[in-house]
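I have placed the structure first, in the form of structure tokens, so that the comments after it can refer back to it.
The first chain written gets the first letter, and so on, giving A, B and C; residue counts start at 1 in each chain.
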Amino acid sequence: MTTLAFPDVAWLPLLPLMVIGATALLVLVADLFSEGPDYDALGWLGLIGLIVAAVCAALLWNQSGSTLAGTLVLDRYGLFFTILFAVGSGLTLLLSMNYLETTDIRSGDYYTLLLFSTVGMVLMATSVDLIVIFLGLEVMSIAAYALAGIWRTQVRSNEAALKYFILGAFASGFLLLGIALLFGASGETLLPRIGEVAATGTGEQRLLVTIGAALLLVGFGFKVAAAPFHSWAPDVYEGAPTAVTAFMAAGIKAAAFAAFVRVFVDSLGPLAGDWRGALWILAVLTMTVGNVSALVQRNIKRLLAYSSIAHAGYLLVGMVAGGENGNAAVLFYLAVYTFMTVGAFAVVIALGRRGQPHEDLDDWAGVGLRSPFLGFAMTVFMLSLAGVPPLAGFMGKFYLFSAALEAGYVWLTVIAVVNSLVSVYYYVGVLVKMYMAEGGVEAEATSARPYLFAALVATLAGTFLLGLFPTPWFEIARRSVESLI
Amino acid sequence: MFFLLSVPLVLFSLGVVLARSPVRSALSLVVALFLLAVMFFLLDARMIAALQVIVYAGAIMVLFLFVIMLLNLQHEPVETARPGQRTIAGAFAVVFALVLGAVALRGLPTMPGPGVEVAVTPSFGSVESLAERLFTRHALAFEVTSVLLLGAIVGAVVLARKIPR
Amino acid sequence: MLTVVVVSVIKALIVIGMVLNLAGILGWVERKGSALIQDRIGANRAAIFGFAGAGLVNTLLADPIKFLTKEDVIPRGVDRLLHTLAPCVALFPAIVAFAAVPFGDRLRIGDMVVNLQAVEIDVGVLFLLAMTSLGVYGVVLGGWASNNRLSLLGGIRGSAQMISYELAMGLAVVAVVLTYGSLDFQEIVRRQGHMIGGWIPAWGILYQPLAFLLLLIAGIAETKRAPFDLPEGESEIVSGYFTEYSGIKYLMFFMTDFVEIAVVSAVVTTFFFGGWQVPFLASEGFVFPWGWSVPLPHVVVVLLQVAAYMVKVFIFCCLQVLVRWTMPRLRYDQLMWFGWKVMLPLGLANLVVTALVLLWIQG
């Protein structure tokens, strides 16, 4: 019988991943012993695990290495995203602990699925093996499909889960075919090897890689909800439970971008001349479609969904610009966007009550005056999303667009800026409704929902911090992408 | 031998898409998967061939048929697409086929023609060589797959169990 | 090249002959056995020119003739193609699965060495699992294509049952494969050739008793016979998935059952009872631990081995007939409970323990 030489396992690169994975399993087991209807303890457990994982990742900042035959790497890029995902998922957990009380979701599995999804996200950001990246994407997505449909008694939640699942599976098909072509061209699924073939391969090899890249572009385009592959997003965002929507907008989008940037910059970089043009078109379409559609939305979750599409467009601008500045700007903006969008959804949750989600914009009339804190928070998030200084959203867009200008994409920058201006209309529209209209509903006092309050304070702090003192944070983002280029 | 297999394979694959009755569609897929397994077998990938039949033809497709039968779908009414949709979809399909065809035409001349024996080590396709790759080079992917399955099971249970009162 | 083809064809013919005759014989054994168990005189009407004495031979002849001459009724509104296809799809994998099991050691004729196994493949065990997993389609198709709700019920019951018990079966097989360290049936049989302490044949049953039970039970469940005969369930759903079949197609379904019994017996024999091994029979003849030895020519040794294999298989076939006529039918929820909550955990535990023990032995 032949004996296998098991590869040396360096455990350090696996540490954050294993912490989150272990937490997920712990929550799964703890769920067996916890009696409903209150599952806050599980939420705390998950939160602690995510914090530990983030701290581990931060402590590893100056380390580098790889493990398991080079499929998983320890670099700053991966660590940056690990921390970002831990923060995004942690904020979602905080939101959920109060949100679930207003729903019929009586299940500790909610937390387990959320943590599983986070495991997948971390894998997507830290792996350089296309197979593992794909598996990570599936781990993330399958948990997310289930989360979208977890409010079983709500028809629209079921609808969201089904739509998300079918279109997601379709997108996975594109990704897989792309991966297969890349494998066919290079005989490997490791990104560095594919990069070599893309740079120095024969004509046929490069042709295969190009087509593979096009298919990957479609696959990732689906996942980040870029036009014209965005059509699932509004329905899914609207139908999914609001906390899950926040998670999709922040975490899943960031994870998709993490893998997107890593694959395209790290290994398909030599073909940048080919895919930049396609991304250019995609960016313009995405921004425009997102912003123009958002103008006519009456449902706040749909509005935020289109806004999320538009933001994917801005992020694509950063990818088109490329280079250290462009990619660093993408990372920075993803961090900023996590805080802004989770915060905005937190306000949506704060306004809802049991059986009355209050997602219609008309319900929001006058809320700003009756609940000053919620009004203030929403003002900050809306203005930040619109890109008004001195908030984080402005700095994020500033870095993105200046990178595009530096790289010589004048027209793209002009279109992006015009789009930002258009977006101000609907973001401010929400504020106008909140402060200048009469009627609407009464919001529950935020002090009665401590977790939600904590989440709001955290996201507000993040939005201000990244807006007022952006330089050190941008520096971190720049360090993170150094290893890519 | 190749054409003996590949022609029916393509025909049955088409059958999957074109058959009106979902049961026939699923059965075409079963046959296509089986033929694919035979192809693997002829390529000396015996383990993969067996797994292909066990997992796809033997397990997954049975579940497909099971669900179709439970729902008792006889003839699904064909959804009428919006008028422009078909044209656009067709155009995209044609363009995609052209691109793939162009690649194939460019790539074909450099491919080794029939009759060229490709050197294969004796252990090729054996269980041992597969295990070696799986547990060394792809150890992470292997482990992640188990996480994926666990997550999928939790998700499926969450969505399928009785709604608690 | 030509000889290889000829030898392969001969081996295939031997296997087909073996399995089809066995199926016919089992038909008689089943009737006689049931009569014996129920304390009545059975299977005594197949008389040729008034002569009913040679019951077995008469039945072997009469059964096929009866079925072949019956009208083949195809009910209205059925999917004709699938209706016809179903019995073939049921029978084919069963016969092919039987072919993977070796019925003897290597036979040397002059310079040529013939491996007495119709399907020579190094992943034979997987091949067998693949073929048995295809067996479901006959049931599913038969049930669906008959355009009869009772048939459909039988088909659905059958597919659910077979999927459920396939898992336990697979787990039991994996534990066995782990023990022998091979997926090749011949190799597995050879490794059962030595004696423990010189006296006890090192058959699999001593190493994997639990796997033997699991495999036998799951195997009986896969054949869809009592106590697992819910897909047919004649007291509830007439005859289940083959209610609407008659004539030769019915015969094919009927035979599938018996072929599957033979497959289960062959697999159990090979995994746990030394396959073609005869205790104390080495390649040169009998060598007994107390010192005697009986040298035998090669051909005799091989023939003895083939005969031993057949006897063992036949014993297990009879065991299954015995089980079928003495056990009451399970209820459907009991069936599922048993499959998922007893068989599957036991199979998993057996696998884990096997792996741990092997790890311990190998250090």
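Following the convention adopted for this analysis, a contact is a pair of C-beta atoms (placed from the backbone, for glycine too) under 8 Å apart; a residue touches a chain by one contact, two chains touch by 3 or more.
Computed from a prediction, not measured in an experiment: that's the story for all the values here.
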item	value
Pair of chains with maximal C-beta contact number	A-B
Chain separated most widely from chain C, comparing mean CA positions	A
Centrality ranking, top chain (CA atoms only)	B
Between chain B and chain C, centroid-to-centroid distance (C-alpha), Å	30
Cα-centroid distance, chain A relative to chain C, in whole angstrom	54
Chain A-facing residues of chain B, complex	99-100, 103, 106-107, 110, 128, 131-132, 135-141, 144-145, 147-148, 150-152, 154-159, 163-164
Chain B partner contacts - residues on chain A that touch it in the complex	2, 4-7, 21, 28, 36, 67-69, 71-72, 104, 106-107, 109-110, 112-113, 116-117, 119-120, 123, 127, 129, 131-132, 135-136, 138-139, 142-143, 145-147, 149-150, 152-153, 161, 203-204, 207-208, 211
Residue numbers on chain B that touch chain C, as the complex places them	21, 23-24, 27, 30, 34, 37, 46-47, 50-51, 53-54, 57-59, 62-63, 65-66, 69-70, 72, 126-127
Touching residues on chain C, where the partner in the complex is chain B	79, 82, 121-123, 126-127, 129-134, 136-137, 140-141, 143-144, 152, 155-156, 159-160, 162-163, 166, 183
